[in-house]
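Mind looking over this structure? Questions follow.
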Amino acid sequence: MITKSVANVADALADVADGATVLIGGFGLAGHPIALIDGLLEQGARDLTIVSNNAGNGDTGLAALLAAGRVRKMVCSFPRQSDSWHFDRLYRAGEIELELVPQGNLAERLRAAGSGIGGFYTPTGVGTELAEGQEVREIEGRDYLFQLPIRGDIALIGAWKGDRWGNLIYRETSRNFNPLMAAAARITVAQVDEVVELGALDPESIATPGIYVDRLVQVAERPWMRDGVFVGTPEAAVSAASEGSAS
Amino acid sequence: MSEPLSRTALATRLAQDVEDGWVVNLGIGLPTMVADHLPEGREILLHTENGLLGMGPSPAPDRVDGDLINAGKQPVTALPGASYFHTADSFGMMRGGHLDLCVLGAFQVSATGDLANWSTGGADSIPAVGGAMDLARGAREVWVLTDLLARDGTPKVVGHCSYPLTGVGCATRIYTDRAIFEVTPDGLVATELFGTTLEELENLLQLPLKGASL
Amino acid sequence: MITKSVANVADALADVADGATVLIGGFGLAGHPIALIDGLLEQGARDLTIVSNNAGNGDTGLAALLAAGRVRKMVCSFPRQSDSWHFDRLYRAGEIELELVPQGNLAERLRAAGSGIGGFYTPTGVGTELAEGQEVREIEGRDYLFQLPIRGDIALIGAWKGDRWGNLIYRETSRNFNPLMAAAARITVAQVDEVVELGALDPESIATPGIYVDRLVQVAERPWMRDGVFVGTPEAAVSAASEGSAS
Amino acid sequence: MSEPLSRTALATRLAQDVEDGWVVNLGIGLPTMVADHLPEGREILLHTENGLLGMGPSPAPDRVDGDLINAGKQPVTALPGASYFHTADSFGMMRGGHLDLCVLGAFQVSATGDLANWSTGGADSIPAVGGAMDLARGAREVWVLTDLLARDGTPKVVGHCSYPLTGVGCATRIYTDRAIFEVTPDGLVATELFGTTLEELENLLQLPLKGASL
């Protein structure tokens, strides 16, 4: 019998090694697996390479991991935000390495890793300083940059609901990088608000088939939902509005 | 018009040129103002690259949904007919040339359509590119929306960008508070002037300009 | 106002030119846009290049188009089937050109076209005769073949339901190549069983966002459905079972 | 065992080696027989490359659904927990190495794991490859299920394939009616024999074979 559910976050992350490459889903805090990142903080692995769109918001999630000095290198598209003070400090102090990848290339490189594509050519970034040192190839009259896959040792995924086969659904724009990262890592751990019965998820909207998920942990329901129904909260409003402008 | 446009007037002016039925990405920052000034009676679909087509206005304060945000990470809503997709599909949509228009801000934009809007290249600045380079080539039309002059008074419309580029030759039109320019193979063509003359502009920008039906 | 709906198949296909490259969705008859292909037959365009997984089943759909001598070239993965007699005859008579592409490479090349990827490297086919004349590149210790995008002038899509923005949902395995082809053509025409109100489709299961669809035509409901509900039919059973084994 | 296996017995034998929790693609033709012989008590997920994970058995005759078919275009069902996806995602699943096992038929399979199962190379034959080449490298394990001898009596397990290849060095195990072989860097290792001896097999195949725990 297939049961991806594990009892708690600590069990799900017990084997993360020092020096691991960790893919962390989410765009800002939407779909960001906060409970798993808190677990990684507690677990203690260090010298990590983190692949995530942003480099932490405020003091929670990835920001907390950065603040604790666990991260050797960030691979991301948009580290600098109004509330990325922990990354900013580390970067200015020369205590963290940064590989800056345009967002669409980052997503596509993760997809390449998950789908066995050896590399691909993108038009994004041609002629810019982010293209320096990269292979340029003219194809059908247009210039492209060669890109390699980005693979992870482990992926931390923020989903909405899952079942014991590991099938996942997301809510709205919290999908973002999560399905790509789930497929791009050797081990994939997902946090969900609820583990539901097999067959309860609509098979047409499962954005991550269970084949990509190794471990599933149920965590507290997101603040703006109650029993799976959107309720909204003024608190959430304040918190989300304070994120500032970033991409 | 007899004076430079306010930011609201500028966003409103650009919005008038967005055609019925277009799919548009408004980037982050100033261009997002365009959303509030789209003309009545036109159905214009907004794309946000974090994975939503059919974005609606901001929610009421007590209806904010942390799962439903735009590329600027601000809370938004979704219209009936909206769809969600992951980041690779969303950027495929842009890179594949399926959007009609991207509207982008600028640090500098050149007479040949080169755009610089992601980094000032400062030694102490933290680089962050996000979706800017994808957006710069992510649509049939790329319109730049910006003040003509930077805060220090230097022109943002230039012969050659000194800041690191976001995209080469990507801008097709430039909307500023003093003039609207079409980027053509023969250089910039000013199609509208606001409180200035073509000659004044040429002196200010130190660029040859063409006028069109002014 | 955005209205992708057109009155009938003839209007939807009026501008298909001789010599056009036509992408046709479906895997066998599942998701195969029969009504649109019948329309293309009536419309009269000839000298067509068809990109589709198979080269026609029985006497309907693509098979009928082949039988009428309208197709100059087939790009597909699996032409030879128990019921592909029209293609078989044309091929043996030297009256049709064939470009054989492994199914996964075909799908990925269509995806590349739709998503602006200039080309990519696949491990599939390395060391086989289908790799002859293709560029081989070693990446991270493994050999890959270089593949170019496949673009269409027009795509014919078989979906289940659509709305006036052109959003499409599919049923079960009839999804197959359809979303990929919808994005890979200059003009995309979809047939649906039903055009529904805007907002009636689940935004989490729209597999083809409306941005990829230019024209939408409502056609007769598929035989095994009644008013959108699966009913099954013994006739459908007989027809589907007679398809034989193929891929 | 004292005699060669029937096709049913062969499919049953292979099925016994499919482990609980594996995700498996059974290709088309003979390997699909394995589905009917999977051991009770193991939960094994079937993938079909036309876009379904969690495939169930054939439907009742009056419940056939033209939208729900397998890679052989035969009507199937979907189990609770099944998911649907498009062809690029489905082949990405295989190409990306996420499946545990593919079971494939063969025209020929070599001692180094080369597989030929898509074309006999005949001048008049119409080539058709479908998903065969993707399947051949689409899983952690690729098991070949075939009679040891072709209808004309020539061996299908060979030193070097004469038919056009589907994949190079892809087969990891070979299940035949006379023997089961493990493909190892040192050549074929026969792990079970059915009504024959290692010596007889070596003579028949004209190949050096190793025996393991027979």
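For reference, chains read A, B, C and D in written order, and residue numbers begin at 1 within each chain.
The criterion applied here is as follows: a residue touches a chain if its C-beta (ideal position, glycine included) is under 8 Å from a C-beta of that chain, and two chains touch if they have at least 3 such contacts.
In this text the structure is predicted, and so the values were computed from the model without any measurement.
> Can you tell me the least number of steps between subunit B and subunit C, where a step is a move to a chain it touches?
Counted as steps through touching chains, the separation is 1.
> Roughly how far is subunit A from subunit B, centre to centre by C-alpha average, rounded to an integer in Å?
So the centre of subunit A lies 28 Å away from the centre of subunit B.
> What is the distance, in whole Å, between the centres of subunit A and subunit C, each centre taken as the mean of its C-alpha atoms?
33
> Indicate the whole-number Å distance between the mean C-alpha point of subunit B and the mean C-alpha point of subunit D.
The answer is 55 Å.
> Taking each residue of subunit C in turn, which ones touch at least two of the other chains?
108, 111, 115-117, 122-123, 170, 172, 203-204, 207
> Please output the residue numbers of subunit B that touch at least 2 other chains, ranges allowed.
In subunit B, residues 78, 84-85, 88, 91-92, 94-95 touch at least two other chains, as defined above.
> So, with touch as defined above, which chain pairs make the list?
Touching chain pairs, listed by label, are A-B, A-C, A-D, B-C, C-D.
> What does subunit A use to touch subunit C in their complex?
108, 112, 115-123, 137, 139-140, 142, 144, 148, 169-170, 172, 202-205, 207
> Going by the contact rule set out above, which residues of subunit B touch subunit A in the complex?
Touch list, subunit B to subunit A: 27-29, 48-52, 59, 61-69, 71-75, 78, 84-88, 90-92, 94-95, 124-134, 137, 164-168.
> Over in the complex, which subunit A residues touch subunit B? Could you list them?
Answer in residue numbers: 27-31, 53, 57, 77-81, 87-88, 91-92, 98, 100-108, 110-111, 122-130, 160, 170-180, 207, 222-224, 230, 232-234, 236-237, 239-241, 243-247.
> For subunit A, which residues count as touching subunit D in their complex?
Within the complex, subunit A contacts subunit D at residues 1-2, 111, 113-117, 163-165, 167, 183, 197-199, 201, 203-204, 206, 209-212.
> Hey, which residues of subunit D end up touching subunit A in the complex?
Interface residues on subunit D, with respect to subunit A: 20-21, 23, 43, 45, 47, 53-54, 78-85, 88-89, 91-99.
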